[in-house]
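Look for chain A in each of the two complexes below; its partner is chain B in the first and chain C in the second.
== the complex of A and B ==
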């Protein structure tokens, strides 16, 4: 994929020299599992931008753990746009470094999340432990793989999805806490990131079920064969909204504001939505959603705002030092 | 030892070269490290104490220092044997073995971690045989000595548990011992051993009274380097440790965890404690070395 982007930039450069069109470069700082999505999307956007304005745009991608990427931008990585795993990490750009305005999430439709995902289960072929829903994960003898929520954005979604399920079933936050405590008793390994966790489950053969991003589960299936693994969709899960934002201070300095905005807006276009669906992210747009309806099973999805009062609050209650997650492991 | 003795140094350019040394050290080592201290200074004393003494952090100190020490000791022992073999014997492929020793230096530690995990996981080449044996051994120990929680102390598995951490730290520390011992060993003249023999020493005496004292300072240096390296190691360990809170979390992982929460001060607070303890230990090792040199090393 790197070669591809290098070739693309070389091509863009050649075009730029040939024609006297303006040539701009954007840096999109994203999280781990979006590599494939943005390789696809960047190509489409570059063509679109060329067709509408005549200018050439080259988009560089940077991927890594969501929190780590946000820290990179805070510490001076010149990102024109960020496309991260959760709003808390984008919030940090405001909280820590004031790179973006406080109300950044209101600037684009649907909480600035052009595509969504959810949390599902990946099990071994034939589902030998008969995993159907969240309740099966806390049974004795079932080994569950999920990363450490303190270091992984994806793992926080996993944890909150489990909590939301128990809360809905039994109607109280105490039930949520009891449920996640029981769940983490069944976790033998806490990897530091989502990709590491998938590797532990898929390649090391540890665990009966991995809690995973939906798109990551599809990728694992594509990569390692549908004859080895199955995706199980629980009755209830969380609506994971990976948000996007322009980094105001950087684009103002680089003079790339217009193209950066257009880049993010293009994610909402029919073509952008189709690319999202093709890469296993749930599109927001009704037409694209209908097209991929057979890929993504319907399930009850709850949002973090309804259930947990937003990311800032969830982060503080559950994942800060001394929070609920730490209490589970306190002796 | 009289580096700053009263008599004027005969070599010219002392001021210039010392100035350069200090500037270089300052730029590369002291300024970045003092940045850690300055960042920590933003914490109140109470917050600092709270950050560095929370139970999880304390558990990780014990683990990090304990396993690093163990790995360095094991490396000191096997490193000595390895260095001995490499210096004293010629055999086909010696150069290749010699080059292999450096591999842990060159390999990105993440690669080492992933490779070790792949091999020692329960479906790996070695792990599929060794892990059941290990588990059975721990089981046996628990039956014999039931008042110690062996699964807690030594870990019930190889990869994704404490033994994995030990393996990774041994891996990264090995070259330090071998490479510090090799030059000393090759400079040991055979005449010394011959002299010992003619004076009536048997082989064991020659080894323990003549050769070993000569090697000890270098061995201690190698041990200290391996230990320091193990303390700071992060990349390879996170892949193989399992990272369970209170059980297999190393201190560097907790630093990363704090960073992940944008808690820069908390992270540097832990780092400062690690730095301070590591520095103390290295100074202690240094004085042990001086002592051993005076006590056993004779002229050198």
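== the complex of A and C ==
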């Protein structure tokens, strides 16, 4: 009996040892231009988590066009969290695969968008084509670089910003449609994501102007030199609110719910907000926003809700199969 | 007239001469613009191709991967989370016995012929099915499922080796000798059960704990449990110096295993303990049954240092038996130990998982593979109290002592030829006649076993 007790105790101990060995791994599936942001943030969060709980956490990153990334998660990519370019892509995780609850956006402050950004233009130094505003992008002979809205979240923001500009200027959605139709006639190549577009414009030397995430434009200046490119701020743009969410079904299966939740919450912490500002994302936190106020130009920003009735409607009208983009681009 | 004509055209000529550089400059600008436009077109075409290639490269990982090498055939999904592997093991033996007075047949034996199917699903779920076509009948050797929670906690369910004997746990293909030592007679072989195992402390400690149906010494389950009782089996295996590079102790691993259970059988306790030449030298009487507690423990070690390898284990197996259902109960304790060593003459590392030759045998190119010599000493002692009530004193040995010398030729990682010389000395049971009724025991068993093995 003694040996039996010892062996049963050993079993219990072994199971306890197995269960208490905490080395957690998270997968953050994100959109294209957030690589540098999350390299910084992951390092900070790992240190924070170690100090708070004593556990090690390793965060793996996956990047690509936002829509493509959402499709990957729906198809089985085991993302603990998604940090995508727009709410419609996160909505798809509920709509198609029920991986998250319908009201996912209510779980974190500011509709689960810990930082914002907007859309600006990146031109070559000296602005040889004299680009000043959206109207210049539809002029003959101007080559415009923007990614494919079917796969890229950034591209959808670009498209909607252009539409909103024309609508505001001429007062109708018809004007918006005509404007984006003319705009895409000047687009020689469609990359699948924003980072690809930056490569096309900056490294391959194609095009006269790139419609770009603000953070991506700043990063291009930082990485490739302000002597080669400059940022042009249009008269009107759109408030881009990239959302974040825990992927409930995955974290429950992997047992990573607590750390995944803490990971996203940490984005709202002073350190998380500072890292966002440092990486050219507009922080939500007032103190961090004030710290980086001189970095980000003031401009008129419209919102997706006001202009397009929210992401669900915009997605269906413009980017779903057979939507407006398919109609104008097919032509 | 001539002069006046010149005067007439002079202003026009002056205008032309003045405009010429402007026209040239315009043309140059035009050419430059055309060149720029052409260059842009070319860049766009190149970029489109680049995007196409990137998309193809991204799509490529969805293509399943087929791998064929000396570890078998593997068909795996692009992300390697799902795979099916086909391996095989064939062992053809030649057994020659010396000075046996003609009682044993020198024979060729198909010792093992296995097709091993293994697979992984969703990265963490595994299976293994191993049918045996060698020997005298077809049987399922292993059939089990695995669930990996993490490195520290993995579950195995089904039919597989009970984690007691060190040499038994080593693959058939890579033991120093072509037959395991007589010590393996005292440990359970394949059993049905569930076990948890894993490595902790950075892989310096491995643990295994399981609950099994319980089988007799050297026996495998018949896939049914013959009583209501279960065996609890555990093993701890430590490699404390594994990370101390350069230390002579780096290759030292040691541990202890144990099993405990109760058994009540309706028939014989064991099919018999066998010699290196696979002849039975001890078996309980057919009427003897197990009835009560049985337990085993086995301290064990394995040491590897460069080409040198040393393996040792000691097993104590205790069983409560009755000579018949109503007979007197006795607790019998059998003990065994072995010490085996190997040295790879050609300089490769000795390993519990087999020697990997630096070069394969290739006569045309003058390469010979790897050669290893091995030696072994083993002893098994039956409890004297077993005789004569529970086992016949006239047809059983009370003790067997075995010596082995071997030469292993690794033609490649997958192909091995072994040449092993064994001698087993028998001590007869107390009170037994000078001449045993078991002809095998009338002289030392001297055998020369050669094996051709293909294992992948």
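The rule is simple: the second predicted complex is superposed on the first by the 306 of 331 C-alpha atoms of A that agree within 3 Å, B and C clash if a C-alpha of one lies under 4 Å from a C-alpha of the other, contacts with A are read in each partner's own complex, and residues count from 1 in each chain.
Basically, a residue touches a chain if its C-beta (ideal position, glycine included) is under 8 Å from a C-beta of that chain, and two chains touch if they have at least 3 such contacts.
The structure presented is a predicted model; accordingly, all values stated were derived computationally and were not measured.
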Contacts of A:326 with chain B and chain C, given as first, second, both or neither: first
First (chain B), second (chain C), both or neither touched by A:71: first
Contacts of A:143 with chain B and chain C, given as first, second, both or neither: second
Partner chain(s) touched by A:188 [first = chain B, second = chain C, both, neither]: both
Touching partner for A:96 - first (chain B), second (chain C), both, neither: first
Chain B versus chain C as contact partner of A:110, first or second or both or neither: neither
Chain A residues touched by each partner, larger count belonging to chain B or chain C: B
Residues on chain A lying within both footprints (that of chain B and that of chain C): 188-189, 191-192, 196, 200, 204-206
Contacting residues of chain C [partner chain A, same complex]: 40, 43-44, 46-48, 50-51, 54-55, 149-153, 196, 198, 200, 207, 209, 232-234, 236, 258, 260, 295, 297
Chain C-facing residues of chain A, complex: 3-4, 6-8, 10-11, 14-15, 17-19, 21, 143, 188-189, 191-192, 196, 200, 204-207
Chain A contact footprint on chain B (complex, rising order): 54-56, 114, 117-118, 121-124, 157, 159-160, 238-239, 242-246, 253, 256-263, 266
Residue numbers on chain A that touch chain B, as the complex places them: 65, 67-68, 71, 74, 92, 95-96, 148, 150-151, 188-192, 196, 199-200, 203-206, 315, 319-322, 326, 329-331
